[in-house]
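Naming follows writing order (A, B and C), and every chain is counted from residue 1.
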Amino acid sequence: MGLIQSGLGSLAAMIPLQPPAASTTAAGIDNLYLVLSGITAFFTVLIFSIIFVFMIKYRRRSDDEKSAATHTPLAVELTWTIIPSLICAVLFVWSAALYVQNGRPPASSTEIFVIGKQWMWHLQHSEGPREIDELHVAVGVPVKLTMTSQDVIHDFYIPAFRVKKDVLPGRFTSLWFQPTEVGTYHLFCAQYCGTNHSEMIGWIYVMTPTDYAAWLAGGEKTESLAQQGERLFTQFGCNSCHTGDATAHAPSLAGLYGKPQKMANGETRIVDESLISQAILVPNSVHLPSYQAIMPTYQGQIDSDQMVRLIAYVKSMSSEERNGK
Amino acid sequence: MAAHGAHPPGFAHQFETVTQQREAGTLGMWVFLVTEILFFGGMFTSYIIYRSLHLQSFIQGSHELIVRYGATNTAVLIFSSLTMALAIRTAQTGKSKGQIIFWLILTMILGASFIAIKLRFEWYRDYVEGLIPGVSWLDGGTHTPGVKMFMCFYFFMTGLHALHMVVGLGILTVLVIMTARNKFSSQYYAPLEISGLYWHFVDIVWIFLFPLLYLIGGRY
Amino acid sequence: MSTATADLHDAPAEPGVNYLNASYGIRSWLLTFDHKRIGLLYLASITIMFVVGGVAAMLMRIHLIEPQGALFEPETYNKMFSTHGIIMVFFFLVPSIPATLGNFLIPLMIGARDVAFPKLNLMSWYIFITGAALALYATLSGGVDTGWTFYPPYSSHYSATNVTIVALGVFVAGFSSILTGLNFIVTIHKMRAPGMTWFRLPLFIWAMYATSLIFVLGTPVIAITLFLLGLERVLHVGIFDPAVGGDPLLFQHLFWFYSHPAVYIMILPGMGVVSELITAFSRKKIFGYSFVAFSSLSIAVISFIVWGHHMFVTGQSIYAGLVFSVLSFLVAIPSAVKVFNWTATLYRGSISYEAPMLYALGFIGLFTIGGLTGLFLASLATDVHLNGTYFIVAHFHYIMVGGAVMAYLGGIHYWWPKISGRMYPDLWARISAAIIFLGFNLTFFPQFMLGYLGMPRRYAVYPAEFQVLNVMSSAGASILGIGYVIPLVYLIWSMRYGPVAGPNPWKAKGLEWTIPSPPPTENFEEIPIVTEDAYNYPVAEAHKYPDAPGVARV
């Protein structure tokens, strides 16, 4: 008996049933998963058992045996249509609520930029440190990832946090998490992206706040992301038109990030990372009301790493600043 | 049931009656046209999405097209639908095969004119001016990336349409031969009718293409 | 009483002359207009494609025994899974039941002599062969590594493989589907025998009709999508390229607008087959005929408005997510209704367990699991975690393989005597059904677990902690492979050595069982006049069954 138990025990150890639950949203998803599994198991067992019982009880005993007549009471049909519909309705509402809730990053989130490219991840802390295929974060601190791809579609997936989002070229997507357990967790690319898709993996290191602070301070000194962006702003000549003066040909960028912007076709878009990158790379597609199409395109001249620095810089421009810096 | 031996011309033996065959043929053509609507529909949907995202570029691109040729072609096609309908009417009323062939050939001439006008006055000009993406595109000036996108849609959509026109001309050729061989009568002209449906459909696709491509943004 | 109007119909049927021996020689097969022969041409072609796709699967599963990959470089593995998906989806599953059993049976079941457009039918087969040849050529001359989903920008600007040729092959094969669907719609509308009203049709016909609606409405969209992708790849014009204002997500919307309904193309015919098998082998009228019929139609309709559930993690708006999620839950309901109706049909039936019934019962069980796991994916919160993992792979294989392929095999076995005039050895058939059922579950159940643990799909190498489940899955795949080979052997064997089958070896209801096995070329000597409902099995006297509380009276 003990042998069987230990055998099963080691089997169970070899075949884990769930990944570590290491974020604030993991438990909610696991609960929903458990209920879904329960419903699946229930109906599977129900159907299998009924069929099994019928198979035995109504097996043909002689070749000329006849079956009973079939009556289809409407009540029966309605019952097994309505009950599953109700179950589905409950599941939908529960899941949708979780999804909407999980979609809102807390305002105090640490912001980290992610660039996916064949076949590695660049993770860029605002303070400056850059990591490749690894991300160090502090436990209990919410983190918001703003992500773009240099080339094809990738997907940023941390199973332990139950978070996943596609990473697209030409625009930015985001996800957030708040780690609850110190530890090391898998990072996977979950959208097929070519030859080394399965090697575009890495690790998330969740550390205590003290360790994290030490890690952040311990690396080689770099400027913050926004400072690096400011230098690029000059390097690429952006400041020659976007001077911040009212008379400039180009709109002032100060305080622009996060604000709604009316477009030429009447639609309003929020100035977010995607719009900024679109304006830099495909300026003729961003039709402002006073559309003049004089901004040159930087397609092919600015890669995603430079793009996130420029964006960080634009985000950092408060409305009090004028004339750039 | 029809007496044994009385086989109407063109009767197909999987059917029981001529009526059944005619109804099946007509339903078949309508179902086929529905698939064509979905086929063009994918392109129209993409067009609509990009037009709303890049309206300025699409207006610019549309101004590269010459409205009078598009308008002429529209008139040509509408008239060809008339001649096609007259061909069917001629058969329906039991007129001579010569008259049927007259209208069919007139339809073919109009269809061919459509293609000729496109090729000679529009596409050849686009080729020379460097407006055909992937074939003769010249960057610079008004030839912005957004205009390139517009021209992609222009050539994809009108190209696919022209291909359908050419197929239509092939069908008309077959009909002319069949008429010449006395296949049709006032009792039996289903192939003419069914082909007419196809021809009218190709016409209607153009009726949508013309304003969507040529008339954006107004310029008058 | 004469109903015939043409020579073909008037000729008295010579005994012993059937559609197989009415004419000999390759030309009589390659130039046939007979829907039954065309069905067999398709049967041969898709069996070949199934073997190609199956070999790719076997190689993949062997490779995945080791975390670092046992057989291939990642580049080759990527070509393997792409080939497997493309061939299995477009060249096996989509045509399988419709082009083989559908072509063979629809005229027989409705009391017609052929489909509405026999020449178009033959042309469909040639178009299919052309598409398949292009796809095979692309595979053998270097392969494709984009996955069957062909997402740009990878497929349009980055992949250095034969994308355009394969896309062309799929494009061409799509027209085969469209014409088949068109043929079936017109046939079912216009060629039913006198008295065969819509509500007397066998449910297989309802299922084929619903499938044909999807063929006709959905396939043109994948055609235009692949056409645009091909142009993008060849001409570099920018419809899906963000660098010039294009949108890679537009491709996904267009692609899934077809490919989601496509999965219902793949399962609806199987559901139709199961309705036939359950009734025949319990010798009982289906429970809830009109509910099953209308559920087929509602699945076809709703299938067109759920495609966004493939894109929940692409960054699309929350509102889009909510709408597609609720609609995806909705589409599950008609499928559930079918499962309950099939189960209720068994109640007080007279049930026997020949191989076709085992396949049908296996279908119900595995489709139930596969369908319920779809709820995990319709549910937004859990889909975020499960998308792109092996959970998805397990889900769709439960439905496609545990469902569709088992229904296909069940149908082939059930109608084999009608098609070939011979019986196959039922003991071997039951053994292989059991092997397939066991092998299948061992292959794919561990994959649900792998998905939840976080193993992404399309991975050529994986972390070592996933190895045990992968090895279990590969072991199951070997068993499954054996299970598929056995029927191939005995079915071919039976064509020559199997006992001769009479017109109705199963004593089943249905017009196809009223004519000889194999049928004569013209199907019916006289077009029947239908006076009874489908599945009008004789019913027992009341006293044969003891009263039970709450049981419906006989």
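Heads up, the rule we're going with is that a residue touches a chain if its C-beta (ideal position, glycine included) is under 8 Å from a C-beta of that chain, and two chains touch if they have at least 3 such contacts.
The shown structure was predicted, so the numbers you read here are calculated from the model rather than taken from an experiment.
Two chain pairs, A-C and A-B, are weighed by contacting C-beta pairs, with A-C ahead.
Compare each chain's C-alpha centroid with the centroid of every protein C-alpha atom shown, and the nearest one belongs to C. Taking each chain's centre as the average of its CA atoms, subunit A and subunit C sit 34 Å apart. As a whole-number value, the distance joining the C-alpha centres of subunit A and subunit B reads 46 Å. In subunit A, the positions touching at least two other chains are 282, 284-285. Contacts with at least two other chains are made by residues 53-54, 57, 145-146 of subunit B.
Chain contacts: subunit C has residues 244-245 touching two or more partner chains. The part of subunit B that touches subunit A in the complex is made up of residues 52-57, 144-146. Listed in rising order, the residues of subunit A touching subunit B in the complex are 264-265, 282, 284-285, 287, 291, 293, 297. Those residues of subunit C that touch subunit B in the complex are listed here as 2-10, 107, 112-118, 178, 182-183, 185-187, 189-191, 216-221, 223-225, 228, 231, 234-239, 244-247, 250, 254, 257, 527.
Listing the residues of subunit B that touch subunit C in their complex gives 1-2, 4, 6-7, 11-17, 20, 23-24, 27-28, 31-32, 34-36, 38-43, 45-46, 49-50, 53-54, 57, 133-135, 145-146, 148-149, 152, 156. Looking at the complex, you find that subunit C touches subunit A at residues 74-75, 78, 145-147, 149, 151, 153-154, 158-159, 242-245, 248-249, 282-289, 291, 313-315, 318, 321-322, 325-326, 329-330, 332-333, 336-337, 339-341, 343-353, 361, 364-365, 368-369, 372-373, 375-376, 378-382, 384-385, 387-389, 449, 452-454, 456-463, 465, 468-469, 507, 537-540, 544-545, 552-554.
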